[in-house]
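Below you'll find a set of structures to go through.
Note that chain A is present in both complexes that follow, paired respectively with chain B and with chain C.
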Partner chain A sequence: MKTLTRQEWYGALVAVLVLGIFLSIASPYFLNSRNLSNILVQASVIALLAGGQTFVILTGGVDLAVGSLTALAGAMAGYMMIKLGIDPYMAILAAFAIGAGVGLFNGYLVAFVGIPSFIVTLGGLTLWRGLAYDSTGGFDMSGLPDPFPFIGYGELFGFLPMPIVVMAVFYITMSFVLSSTKLGRYVYAIGSNEMGARQVGINVRWYKLGVYVVSGLCCALAALVLIGRMDSSSGKIAQMFELDAIAAVILGGTSLFGGRGSIIGSLLGAILITMIRNGMNLLEISQFKQMMAIGAVVIIAVWIDVVRRKRLLRK
Partner chain B sequence: MNTEKSVIEIRGLTKHYGGVKALTEANFCLAPGEHAAIVGDNGAGKSTFVRLITGVESPNSGEIFLDGKSVTFDSPLDARDQGVETVYQTLALAEDLDVPANIFLGREKVLFNLGPLSILDHKAMRSESVQMLSTTGVKIQDMSETLRGMSGGQRQCVAIARAAGFAKKLIILDEPTAALGIQETARVEEIIKGLKQRGVPLIIISHNLRQVFDLVDRIWVFRQGRIVASVLKTQTSPEQIVGLITGAVNPDDVPGATDLITDIALFQ
Partner chain C sequence: MKLGHITGRLAVALLAVGMMTAAHAELTIAYITNGNTNEGWTLINGGAKEAGKKAGVKFIELAAEKGELSKQLAIVEDMITRHVDAIAIAPVDSAGIAPAVKRALAAGIPVVAVDTNITGANVTSYVATDNIKAANVQGSWAAEQIKDGDKVVYVTGDQGQSTGQERKKGFIDALKAKHPHVKIIEVSTTWDQTQAQNGVESALRANNDIKLIACAWDGGALGAVAAMKGYGIRAGEIKLAGFDGSPGGLDMMKQGWQQANAAQMLAKIGATGVETAIAAAKKQKVEARIDTGAFLVLPSNVDKFAKDSGVAQFMKMK
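On to the complex of A and B.
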């Protein structure tokens, strides 16, 4: 076993603790169970997106379209339930189908056609957002039927908010997939040495396609939690969420170059991003400054990754 | 030498790219337990030969026999499944995975077969890796360490141990020490000598004649897209090999050098 300090996510853990201590001193409102539970609930949607994003980034790709795809899946599900009166469970299925379908589309273009993931998903960023608005006529759809209020506001055993439960189950599952299945192993192998992976007989194309499908399904799950929490849906939800999701993965110690990283890191990263936002709100720092701060944090995290990679290569 | 006794036998192997004659009518054989070297200048046809017998490319004509049975390789994987393990110069290792993960990369042991979601049998892979490394004589201190922290020599040793562990017929090593320092080269050579003692048949491509003479039983010389000579190490000298490579020595003037090459051709 790797010692704690050598884990990729160690830095994120330290950052969460240090920021936590700082915020407890700086604000009297930070360290109470309600606020802490709030942070986890707020982190849940980003954490779900970051989970899928981790798979993509570990293979050396990136998915810039997760915010827009979340909007598409969420808006379509809302539209089906509110405007078309379709059964909510069918709408949930439809959301997952949309996530998987767009994932297949992205994965096909990246893995089989050979277009860089950056381009495919940058196009997707506006393509899926546009489709989300267009297909729902730009309406706001509020008052979602069961089980959405439960997904968004329900509490398991009377005290565990459902978004946290979903996030926990999701991360336990993903952690297992990444560490103990062929898919997980090949994700790391492809990110480490794609040609080598091909030489030992791994079907690199199909596994690469697979990670975009995983990311798409995560978007659908995130969309369901998000519209549950907002009790409404529209094409404009999840704006810029791709940035937070990618930032969470990078802050969690996963390398943008692929091959190195962990799913736990992404969870810590999502919590860290949310804590930064929460802390700045408590300290009454303006939205504009918050935007600047998050951007700076992302750049610094990538900076650290690049320096660390150079050091590893020098060995 | 007859067909039944060869681990691998090759007859009339030919590969032409348009007008470029990369390899013409190559005859080759490897006895059980034998270690053979392939030498020759750049462009002499060595790489083409290796690509053909590892399934990377298909020949225009010619036949490959494994243990006397005629075979064709559709892909490197096909060649591997039929018992030919190759250690490429690029090693095909994932630096970010640990040693057991690399040894079983692409052929993982699973507890439940669920396609891409098959659950890995970490324990079995780990213990078999330990065994494979120790039979090959490779010492790795920490099995759960990723390869990134290891030296080039250690990585090469892991790749060779992997090939040796899975090879059903023979191993092909492509320039195994080209990128290594003196000490590391020595370590890899020890591993190769260990394979000789265990009787694992092996073909090594090497530019290093000192190494070739140190390690193998027989030397096959490539020149201008043909195999021109096959000599036992004990019946030749580095000077003579250099002469054969450059063309300064005529193979017909070396006693026995063309026997195997033409002898096999008689079977056609």
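On to the complex of A and C.
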């Protein structure tokens, strides 16, 4: 058991606390239960994507297509419910099937064909976005049936917003998978030394395939929360979410080089990014400066990761 | 003892500051745009900012990054947290922003929709060009240029959208009111310049007696000009009516290609949106639908209009 300060996610925790203290002083509107619950709700979709992304990055890959896949799953689910009148629970199943299917496709190309994940998912970024527009005819679908209003805006026990509940259950499950299952342990093994993992008899290809399926399923879940929150769906949702999701994972202390990191860090990373946006909104900082700030934060996080890796290698 | 003295003074000072802020309880207005950074939106946003400055309110301008709906949703939520007195918003998506707008309204914050309406929420007011009326202006001008029975080409916008439908209806109604036997050749587009060019080319190929071309937007007029050039038609041989009053449209007029343009009052849309939000914040009664009007730009007034509306800064032909 590592001490607190040696955990990969320690930096993210400190950053969340420091930023929280700063924003509490800078804005009278920051520190209240309503705003804090808003931040968690706003962070939920990115956090779900970051959860799946963590698995991919831990194996040393990256999934650039998560925003587009979220749009595809969300747009298709919306289309089925609104335009085709299909039962919402069937549409939810379909969304997960799409997520898993695209995950299988990505995973097969990366693990079995050997195309770099960067290329497969960069192509997917525009492929799935195009399919999302094409398959739904570019329509906006609004006024989603139950249970979507509940998923997006409902409150459990009358005070716990559902997106937060989904996010919490998801992270508890994911922590368990990563720490206590074969998949979890092998993900770390593959990421830190793929050759070595193969030599000790781990079926690297199948586990690599698995992480892309996990990421795809996470996209589907994120899509369901997102369209619930917007009470509408279309092919244009979740623009550039891959950037926020990857940034959340990196800010959470997971190494872009694979093998090192944690799922809890990604949650903290997602919260951190959302806090930055929320804080800048409350402090009335313009769109362009917000874009610059998020970009700078991502570069700094990777910078820290690279420096840390070099130091580890020297030891 | 001395410390107590200092604390006492501090308390008085703080109290004074507190009272001053209370006395100056100025209004805070949030203007939330859709993140578009094109020329038209630069003018609308400029008008909004100007109106905020003039009214002396605290003016917060925030934009949905890359036109992303969920970011705009988050901004509206944050502005509810921020307890702003009113929100003026140009929605990224008419339906998708409704859940957040409903929450703002429920929190007692008036919401004014700017340029694009919101469906599924009862906004305090909707400020935009009345497309039917603006297209009436365009159609009436066209009616004066031709005789009954003449052939006219109309380049439509997207007929799956209210804006496209209204502009077409407004133009045709006004034209037919004066010339019931006018022959209208329709070129259907989905706001696509290339579709406009191809359609006008076909129309020119099939008819050599077209008197006038009218377009639902200035991009369509650009396509029409390209088609006419391809046919060796010189500027002004066939009259052309644009719509929007965009920099490109007014440039075409300065070059002699366009003879009229039904211009939207872009800066006024933003300004009126913010002014209406301020009025609603002051608990004044506001109209549910405010038309910011249209202006018929002609070669005789194009320079003045370009200068007054702020469009000139984006034009190539000064």
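To be clear about the criterion, the second predicted complex is superposed on the first by the 315 of 315 C-alpha atoms of A that agree within 3 Å, B and C clash if a C-alpha of one lies under 4 Å from a C-alpha of the other, contacts with A are read in each partner's own complex, and residues count from 1 in each chain.
Here is the rule we go by: contacts are C-beta pairs under 8 Å (C-beta built on N, C-alpha and C of every residue); 3 or more make two chains touch, one makes a residue touch a chain.
Predicted, not measured: the structure shown is a model, and the values here were computed from it.
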Contacts of A:Leu183 with chain B and chain C, given as first, second, both or neither
first
If you stack the two complexes on chain A, which partner ends up touching A:Thr121: first (chain B), second (chain C), both, or neither?
neither
Using the touch definition from the top, say if A:Arg34 reaches chain B (first), chain C (second), both or neither.
second
Contacts for A:Val45 in the overlay, against chain B (first) and chain C (second): which applies, first, second, both or neither?
second
So in the superposed three-chain picture, is A:Asn193 touching just chain B, just chain C, both, or none of them (first/second/both/neither)?
first
Answer with first, second, both or neither: which of chain B and chain C does A:Leu312 touch in the superposed model?
first
Of the partners chain B and chain C, which touch A:Thr59 in the superposed model: first, second, both, neither?
neither
Quick one: is A:Tyr207 in contact with chain B, with chain C, with both, or with neither? Answer first, second, both or neither.
first
Intersected contact list for chain A, partners chain B and chain C none
Quick one: in the complex, what on chain A touches chain C?
29, 32, 34-35, 38, 41-42, 45, 140, 142-143, 152-153, 226, 229-232, 234, 236-240, 274, 277-278, 281-282, 284, 286-287, 290-291
Taking the complex as given, what residues does chain B use to touch chain A?
76-77, 80, 88, 90-97, 101, 105-108, 110, 114-120, 122, 144, 148-149
What residues on chain C touch chain A, complex-wise?
35, 60-71, 73-75, 77-79, 81-83, 93-96, 98-99, 119-120
Using the touch rule from the top, collect the residues of chain A that touch chain B in their complex.
1-2, 177, 180-183, 185-186, 188-189, 191-193, 195-197, 199-202, 206-207, 210, 259-260, 312, 315
